[in-house]
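First chain written, first letter: the chains are A, B and C, and each begins at residue 1.
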Amino acid sequence: MNNKIITPLEASDKVKKSIAKRRAKDKRLKFYGRAAISLAVCFLLILFYSIFLKGYSGFFQYYVTLDINFDRERIDPKGDLSDNSLFDGEASAIVNESLFSIIQPQGRKAKKQAKKIVSSGKDVRITKMVKNDPSLFGTITKVKFALDDDIDSFLRGYIKRETPESERRISNKVIEYIDKLNEEGRISYEFSDYILTGSASGNPEMAGIKGAFIGSMLTLSVCLLIAFPLGVATAIYLEEIAKKNKITEFIEVNINNLAAVPSVVFGIMGLAIFISIFGMPRSIPLVGGMVLALMTLPTIIISSRAAIRAVPPSVRDAAYGIGASKLQVIFHHVIPLAMPGMLTGTIIGMAQALGETAPLLMIGMVAFIVDVPNSVVDPGTVLPVQIFMWADFAERMFIQKTSAAIIVLLGFLISMNALAVYLRKKLERRW
Amino acid sequence: MNNINNLKSLELTVGDPFSKTARLKARNVNVFYGNNRAIDNVTIDIGSKEVISFIGPSGCGKSTFLRCFNRMNDTIDSCVVQGEISIDDENIYDKKIDVVPLRARIGMVFQKPNPFPKSIYDNVAYGPRIHGLSESKQHLDYIVEESLKRAGLWNEVNDRLQSAGTGLSGGQQQRLCIARAIAVSPEVILMDEPCSALDPIATAKIEDLIHELGNDYSIVIVTHSMQQAARVSKRTAYFHLGKLIEVGRTKDIFTRPQHNKTEAYISGKIG
Amino acid sequence: MFNFYLLSSILLISLIFFFLGNNRAKKLIILNQKNLHSLTHYYGVYSLLASLLPTLGLFFIFTICDDLLFAELIKKYIPKEVVTSKDYNFAIVLAQINNSVEGLIFGTPPQWVTNAAEIWVSWVHKSQIITVISCISTALISGFFGYKKINSDFRSRNAVEKIVMSILAVSSVIAILTTIAIIFSVVFESVRFFALIPYDEFLFGTVWNPQFEGAERAGSGQEGLSQYGAIPLFAGTLLISIIALCVSVPVGLFSAIYLSEYATSKERAFFKPLLEVLAGIPTVVYGFFAALTVAPFLRSSGSIFGLDVASESALAAGLVMGIMIIPFISSLSDDVINAVPQSLRDASYGLGSTKNETVIKIVLPAALPGIVASIILAVSRAVGETMIVVMAAGLAANLTANPLEAVTTVTSQIVTILVGDQEFESAKTLSAFALALTLIIITLAMNFYALHVVKKYREQYE
């Protein structure tokens, strides 16, 4: 324990002794870093994998082919193809007859169970077909019908034969009938014509995302139409026109705060102000779009300001030099150069808005909407809310369709983000 | 490309680049940044316990060459070093050599003072701590005190060792950096224009310090000031566009330069 | 439809004024044999704006005030018995009348409703006539005045630009209006809530059991029926956030260290965007993943170890939320680590440190304020997150520190209460606003603090 100055030689020795441990620690840190990134990537892959696995089969479902006798008098009693007439018709009964002729159920109970095999949308299918093509009347044509979701789950193997009948959702008799239909080659597994063209339904086999998708498109359009002009205008004003004083600072603080507020709160505001005070109807894309616009506004403002700031002062100086006025400099010179950055910021903001659920729940876009909205003031829902609602339902087929809907949603988000990245690369200027 | 590298420079170095007490030996060193050659076939010895200056016009590669000695150029991706630099007859660019002990033997002081955002004590103690040089807290205290004394800073800061290193004046910060380098008991200290960011008074103090340190360490100092070279170093090397033009005693370089380029620089015609 | 036609007519009139103004300017140029101050289209635009802006303003005022005015005036037509009845709720009565007005008739409404509806409809007709007349005349008159202003001295471009700048200024006020709207809507209803429930019970009570109730709370002999102690909610939020941090901080921080200090530029270019993808996935997808993949997995693996994991455990929600938050921490930390000046690293390497010594002893301490700020921001995001907890965590308030149990959070309660039937007078609905107020205060406070930390840290290096 003598206090002495260490000679370079001694120091070198000590350093050399310490090297091994220190290098080991260095390797460890590198390893932890790699492990962390791998873990994060793993999470991502597991997420995508599990959704894809569940969702891929959501695009397909089981169908049964039956020979349908398009008897005009029974399907369209009034003979004018009107909704009333078709409603009074017996399309369902005809389908059941065709089915019974194959499986021949005996007794009331068996018949009742057999009636449930084909999806309850069978009459709608028939009536749609005859409306589109009245020449079907008088023919016997093969028609594919979706099978009820329990049958579908059975055919996929989620409901097993081995389970005792009392614990199963479908009875032994029904399994018998399915086997019979299978033997005749009438059961097929095809791309679902419901998932993309159907709307919300309580029956999983008929459920589709068309209504939600159109609702999303309408809501996003409203959001874009409101948020983009307002956001760009605010960015222009704050960056180019307003003097730096207390008021502009206050506005900036406000914008940063709004960016930090949880999305739920915007929904509450929409509920209290747009719906309660202004008395606007709930559940319409117009109100949803307004709420989302206010949410996306900070994102667009901040990215637009950054884009405007990136335009070098030399451009402005040159324009002023030839006598342009302030607004002419802004609109003829600065904005076109800043537009790529503004666009990418807006696309990213829209992508975020597309995936938002909570604020739209608050303003009531959650009711059981069956119709496809035709305008921004018709009640509708959006894709993420549809996913949320379906996730609650216990039927197996809903799980698959929900995953399929998620795949569609993610597909759109990836394309939008890819578009933003592409635009940014393509239109990037190096000053 | 390779052929050009191995060609000896058509201009040979004037004067005596070698030293009898050589600690560091550089032989045919070429340094490339990408495709640009920054150092062209330089051969020179750094002697033991001497102060040698590297002088030359801006951009002639002095700093780049300096950084070769402690392999700081490793941190730059595009930099490639060819040739041999050896300490104790071991080529430091050999793959087997671990750079950590090398840098403990060859310390560095940078152009802009860069103390860590830690206390003065912790700044100086950082090196000894990571290398495990001290045996006890008291020993560490002693090392810190000695290093600060040798750097000429002890009297000014001994009452506030726990205060932030960044709170010192520019000249004090640079002396702190020197103390920090001394604390790991190096043999060689490389200094890259250590006074260029300092005012004249601080500069004078540090120049005195360097002169003193030359008794205990080999010091290589890059400077763009000929007066500084004249004040602190016994030997001087003149660089021009990456080539080593002339090496010799400082007095001789400044009064009777042998090469016309050296003469041109000294008399202010170039640089 | 009426609005559409009116607006189109207004637009048409303004367009006509544009052409009139433009032509007048052109004539003046020919007349005076020299150019005017501004290009001719500026005169056209000026006339257009002169006609359009006041009219639009008038139109919006009429449209908005109409409904409010009618709602006030219709009160006279509600019979006294209805007003003084026990269940009287003006909003519902108004809705009844509106339904009748729009022809949505379910069964037979009371006679007074039909009467009131008829009167409302007549008012609407009157107001439409007034609106049309005033709007069209305003458009014509103000447009004419704008047109008249055009003479050889008139600097139209300046006038137009002034108008445009005012429009831009107004749009930037929208941001403030939104904040005011949020504060107003939440605070107003919260105040009404706290009139019913004392705020120390809300903040410190440990039982959360809101019910819809017909009777007032206290003094009706039904104490203990409905309780609004929010502590279990705060605890649930805290528990899930802590679990999320346990996942995201190590993964995020070490990823940031690797990406900024060890990774090659190829690795960085590949992995950094990949981590950002985690932030882009909609939260409803995370919620679905948590509820249908993670929760059952935890439950079954729990039973292997003999642990009873609830099907809506805090652990499932917390883990998935942690995954979602990783990019918040990794991205921000990466930025602050990169911002540490290279000169410090040079000094450290020059003394002979290994990379990890430089990172741990020099870089991280220098970057620490920024890293702490990023963690605070991540927490604030976790606290405000809704969908993951609604779908994967429970709905029953449960005061526990056990991550294997089901808990509920502030946000999921807000959603549960406000989705579905609401009576704006009951304490249950209003409690959602009180919760929202707490949420806003906490998240804003955290954001302020994080920004403050970053500001102080930036001063160090600039």
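Going forward, contacts are C-beta pairs under 8 Å (C-beta built on N, C-alpha and C of every residue); 3 or more make two chains touch, one makes a residue touch a chain.
Small disclaimer: the values here were computed from a predicted structure and weren't measured.
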Q: With centres defined as the mean of C-alpha atoms, identify the chain lying farthest from chain A.
A: B
Q.
Per the definition at the top, count C-beta pairs in contact and tell me whether B-C or A-C has more.
A. A-C
(Q) On a C-alpha centroid basis, what's the spacing between chain A and chain B, in Å? (A) 63
Q) Taking each chain's centre as its mean C-alpha position, how far apart are chain B and chain C in Å? A) 59
Q. Quick one: chain A and chain C, Cα centre-to-centre, how many Å?
A. 20
Q: Identify all positions of chain C at which a residue touches two or more other chains, and write them in rising order.
A: 352, 354, 357
Q: Would you give the residues of chain A that are in contact with at least 2 other chains, written as numbers and ranges?
A: 15, 22-23
Q. When you check chain B against every other chain, which residues touch at least two of them?
A. 100-101, 104, 130-131, 184
Q.
Show me the residue ranges of chain A that touch chain B in the complex, using the header's touch definition.
A. 1, 3-8, 10-12, 14-19, 22-23
Q: Quick one: which bits of chain B touch chain C in the complex? Just the residue numbers, please.
A: 70, 72, 75, 99-104, 107-108, 110, 112, 114-118, 126-127, 130-131, 177, 180-181, 184
**Q.** Parts of chain A lying in touch with chain C, wherever the complex brings them together
**A.** 15, 22-23, 25-26, 28-30, 32-37, 39-41, 43-44, 46-47, 50-51, 54, 229-230, 233-234, 236-238, 241-242, 250-251, 254-258, 260-266, 268-269, 271-273, 276, 278-279, 294, 297-298, 301, 325-327, 351-352, 354-358, 361-362, 364, 366, 384-385, 387-388, 391, 399, 402-403, 406, 409-410, 413, 417
Q) Across the complex, what residues on chain C touch chain A? A) 64, 67, 91, 157-158, 161, 164-165, 167-169, 171-176, 178-179, 181-182, 184-186, 188-189, 250-255, 257-259, 261-263, 271, 274-275, 277-278, 280-289, 291-293, 323, 326, 330, 352, 354-357, 359-360, 380, 383-387, 390-391, 411, 414-415, 418-419, 424, 432-433, 436, 439-440, 443-444, 447, 451
Q | Residue ranges of chain B in contact with chain A within the complex | A | 98, 100-101, 104-105, 130-133, 135-136, 138-139, 142-143, 146, 184-187
